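Heads up, there are several structures right after this.
Shared between the two complexes below is subunit A, which pairs with subunit B and subunit C, respectively.
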Partner chain A sequence: MNESPWVALRYLFCALVLIGLFFVFPILDSLRLSFFRLILAFPWLGEKFVGLENYRDLFTDPIAFKALLTTLVFVAVTTSLEVTFGLGIALVLNETFRGRGLLRALVLIPWAIPTVVSSQMWRFIFNDQYGVLNAFLPDALKASYGAPLADPELAPIAIMIAEVWKTTSFAALIILAGLQSIPDELYEAGSIDGMSSWQQFRNITLPLVKPALLLALLFRTIDALRVFDLVFVMTQGGPADATNVIQYYGYKKIFAEGMVGYGSAVAVGIFIVSLVLSLLYIRTVGARLLEAEAK
Partner chain B sequence: MESRRNSARVFAAGLFLLSLLCSSPAFANELRFLTFKPPTMRVWERAIAIFEAQNPGTKVVLELGPHSSTEFHDLVTQKLRNRDPSLDVFFMDVIWPPEFVAAGWALPLDSYFPVAEREKFLRAPIVANTYRGRIYGAPVFVDASMLYYRKDLLQKYGFAPPATWPELVRQAQTILERENDPSLSGFSGQFKQYEGLVCNMMEYIMSNGGALVDETGLTSALDEPKARAAVRFVRDKIVGEIGRKGMLAYQEPESLAVFAQGKAVFHRNWPYAWEISNDPRQSKVSGAVGLSPLPYFPGGRSVSTLGGWQLAISRFSRQPELAWKFIAVMTGEQVQKEIALAMGRGPGRARLYRDPEVLEKNPQFAQLVEIVARAVPRPRTPVYAPLSNIMQRYFSAAIAVPDSNIEQLARIAARDMNRVLDLLRDHAQP
Partner chain C sequence: MTARLRLLLLSLLIGGVSLLPFLWFVLTSFKAPAEITAIPPRLIPSFDWSAYSSAISKYGLLNYMKNSALVAIATTALALVVAAPASYALVRFRLPWGRACLMLFLAVSMFPQIAIAGPVWQILNALELLNTFSGLIAVYVALSLPLAVWILATFFNELPLEIEEAAQVDGFSRRQILTRVVLPMAAPGLFTAAILIFIHAWNEFFFALLIMTNPDRQTLPVGIALFPGEYTMPWGEIAAASTMATLPLIALTLLFQRRIVRGLAAGAVKG
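Let's turn to the complex of A and B:
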């Protein structure tokens, strides 16, 4: 029990090396590159230190601003829907009924499918000529062949649907874990006191499942901020830039255009936004989580 | 004990990952060839067999990259940026040479590929592979866009293939009206926000006497009246009247599927669509497909976009001579003929377009060779990729909404393009 801290460090060594190699180093290198002008098409310029120039450009870049806005709307809509639907699914799965184990496994299927595959699937579903969506439409609507991915107003909604479909089950899983930690005695006591099931939900379930809800919200927010593969497969940012999320914009800057310095500034910008959001969450949510634990 | 065993396991995994990072998979007797999956793998296998027979002891290692040009570009540039010595020969899209040359990634081939030999290939792709007076790629596939049409429907209404865009719209309107089939549309092209959108729009703009960039190559020409008029025509007539809005989400395969299912009168595509739309197993219009050069606007001329794929050698390859020997096989008569026969793709070698055996299998090549001769490359500049992204954004915004403000969008696009081009002016290559 009284071993020196070196022992702990020895155990942690591998983890630290891996984290350093694959997380800390790339982040620091992006940060460094964001202060340089490095354009792959102009190798004779070399890596020129330009201070905050990339950031000045970023703050006056209307496309980056619009991309950030698109991303934040995407995050707000998808996470709130996922947690709402997730709660519903978790409540059902928490009841005892025949085939519950099977249903629990089935619910996880969307989450287990790689995003690239599910995005491809949704792209086909939304296709105007041979998509399944149009097959279900009434004939009157079918004549106009709805093409959600071709419409700048509908395309963002289409990718949100694909995202919610895929990750609601993840939220449901976390919330289900929260539901299962609520002792049955509380509900028994509630029934004896004559509480209706709505009252039980309001006064027992909801307060006690709140930590799990907040946790699901935190995970989903951070993850949704990084949305990339859906857009990459389904729309490539179009039409009319309507689905150009910030991660995709940064990716195009670095990998397609070779603007490594500027693209790194975009990446650092995303990093800062998610860091600030996480800290905000952890401060508000985390405090409540601790409170809930203490009770 | 358990935790110690676990940490040992993690340590071993870490070492394994490290070893992966450090190891270099290149061996002296291996030649690494980065390609996308060709329509018929057999042709590549034959080419490799010929090369390996000519160079005993050498093995070609095939690496398959993604199909989309943009994604293939990401993969190749990543390898070249990292000066990966295990890459010898790679495919290059027709728009990449200026970028790859400026970045110092492609090896000049002048000493291997003499002018006399170059003259045996079609001129357009040779010009596209030449930058600042040196050659960097040998053409394997040559593409040029063309107009596919429903021969049966045009004949039924007594139409000749349309020479101009307004004529195409009129014919489509008449056919749509008389056929009265709600599933039939007048036109099917590629209008998704991606590289293909630039090709499609360039054809309208240049066939109206406009351009994407001016003759100096250093100023955007999108905010000129003729360019704007062509964009407006696409928005109002092609997408707005005879085509479907769904086209705004189409790349080549989706648009071809519509045509091959008999649901479009006219279709714009590359030569490969001939084979598929005439294959009864994949197409409902087999035998009823007509082919012609793309239409133009009154007072303009027909403009096809030049496409196609070249083989290039990495500057970081340790065996450029061997790499060239492989390219010589791939661009040699025998393999080129197989490309034409088995893949139905336009080969780089000019003579094959007059070869009776090839023409019997691919009658469309007689027309293709004329279209290629007049095909126009996209702007040839090392900053093509950022320019393309600006143009894609503009074109998509301009045609996706019926009441888009084309004047304002064109002004912004031209300004953004000029900013990128200024970069080129300010930092001219020494």
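Let's turn to the complex of A and C:
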């Protein structure tokens, strides 16, 4: 069914205006601002074009570099754990047994909880005085009884635990959808050929669920790069910048310190890191979207 | 160990890890202040409601809930109104730039919030929409569009074209086909998109934090994140507010879990 472009534009008008106003213009404006010096605390300095100076500062900023490193470690550790646990949960949910519906509902609970709530919840669990974690620590470990969120070595681990707990469900659901698309006949054929269940897993399940695993990994990677709520609530980037992730660093630069120009350079840097991953994602998922469209 | 037993143990482990941490927080909300600070912690609360009454009277919990409900419901309704015609046009009109448009929607959904936050704040400031519900809702509708368009496009695509063609033969206009034929048939898709948009808007924190600095207009996540504590954190009240913030979502999730799972799969795998 062909329509004139003007009719189509009418259907798409509001959507395009909103996307343009709140996504396309802002990203271009962030790019523009990153070439300026603009500090809200010193309005009399005005908006001065400084070329690549902000980027030069960014590349020599040890805190920004540490933030990038902290974020990449966070992303690598959490996403790999989420996909591993997610696969385990999906394999269990893919079996038929009584109470499967209930288990699936329980698995969805962490997904349904607002991130701010789960962050406060873990902050309370890790609390040094009333935290249930310290209370249940076995006596042998009582020596390390302490405040995990105030310890530069333990705090990153604490936020990773909170992240993995919250988002493994999502990975599990994506992987489960992948598992359910594997035809039963393959397993039947495998049994007839005398494959053990481990061999079936290695030779049938794993290769066929790989696209879903990759998809879950990419989804989670893009999302984990944007981690903010957890850090804001649990640690405020501390102690000693141990959990200062890039999105939190950018937020502090622009909104707390009013360094709009430099903060925009940080934001553009974050954008470029996630763009590289997004392109990878669009190449895998987008190809399938187009296939569906062509049908 | 038999396979059955192994499955049972794994299920218990998975269910326990999913449920127990949050259950602990819910139990905390029913404790009297002295029980919360008890060492070692008391497992069973005395079902004292003081944390709830204090969260409501001292911290304005009901106002946060009202703001969150208003913002999430308005966002859901508006996002569907904007996304439905857009997705329909993208799926059915054979536009030369339709594919590019879908790709654009996909791409913007992956932007890190900080990459757009500064200019979004400036735009709202220029329009005098900071600290207004309209401003926050406008941003949320935009943020929900990629997901909404994606889910609706998937559902529209699966509808049989013949019915729409028959309606066209019967003299239905384009708009009538959309409102009287396509939307009723795609009702499950609309509903799925609505649930996911609502949950997202109810949970969103980053932009709510930037846009709403006036405590009277803040949403629940901002209220919970910024819970003021003078000397000690008011854990009972935080747990009470958290429980109230989460219950509607858990209810939604349990009621519509099949639909949610399918919606996420439509967005992710089938997409």
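Annotations for the structure displayed:
To be clear about the criterion, the second predicted complex is superposed on the first by the 265 of 295 C-alpha atoms of A that agree within 3 Å, B and C clash if a C-alpha of one lies under 4 Å from a C-alpha of the other, contacts with A are read in each partner's own complex, and residues count from 1 in each chain.
In this text, contacts are C-beta pairs under 8 Å (C-beta built on N, C-alpha and C of every residue); 3 or more make two chains touch, one makes a residue touch a chain.
On a predicted model such as this, the values are computed, not experimentally measured, just so you know.
Once the two complexes are overlaid on the shared chain, A:C14 sits against subunit B and subunit C alike. By the touch criterion stated above, A:A67 is placed in contact with neither subunit B nor subunit C. Legend: residue contacts after superposition of the two complexes on their common chain; A:L225 is shown touching subunit C, with no touch to subunit B. In the superposed model, A:V209 lies in contact with neither subunit B nor subunit C. Once chain A of one complex is fitted onto chain A of the other, the partner contacts of A:L179 are absent, as it touches neither subunit B nor subunit C.
By the touch criterion defined above, A:F25 reaches subunit C but does not reach subunit B.
Judged by the touch definition given at the top, the superposed model places A:V245 against neither subunit B nor subunit C. Taking subunit B and subunit C in turn and counting the residues of subunit A each one touches, the greater count comes from C.
In the superposition on chain A, contact of A:F255 is made with both subunit B and subunit C. Using the contact criterion defined above for the overlaid structures, shared-chain residue A:I39 touches subunit B, although it does not reach subunit C.
Subunit A residues in contact with subunit B (one complex) as well as with subunit C (other complex) are 11, 14-15, 18, 127, 129-130, 255. Within the complex, the subunit A residues that touch subunit B are 11, 13-15, 17-18, 39-45, 63, 126-130, 143, 145, 147, 149-152, 235-241, 252, 255-259.
Across the complex, subunit A is touched by residues 4, 7, 10-11, 14-15, 17-19, 21-22, 24-25, 28, 36-41, 81-83, 85-86, 88-95, 99, 101-108, 110-123, 138-139, 141-143, 145, 149, 154, 157, 164-165, 168, 174, 199, 202-203, 205-206, 209-210, 220-222, 224-225, 227, 235, 238-239, 242, 245-246, 249-250, 252-254, 257, 260-261, 264-265, 268-271 of subunit C.
Residues of subunit A touching subunit C in their complex: 1-3, 5, 7-8, 11-12, 14-16, 18-19, 21-27, 29-30, 33, 88-89, 92, 95, 97, 99, 101-122, 124-125, 127, 129-130, 132, 135, 165, 169-170, 173-174, 176-178, 181, 212, 215, 219, 222, 225-226, 228-229, 232-233, 246-247, 250-251, 254-255, 260, 263-264, 266-268, 270-271, 274-275, 277-278, 281-282, 285-286, 288-290, 292-293, 295. Residue ranges on subunit B touching subunit A, taken from their complex, read 3, 7, 10-11, 14, 17, 70, 73-74, 77-78, 81, 99, 102-104, 182, 192-194, 244-249, 254, 257-258, 261, 263, 382-383, 385-386, 389, 392-393, 396-397, 400-401, 423, 427, 429-430.
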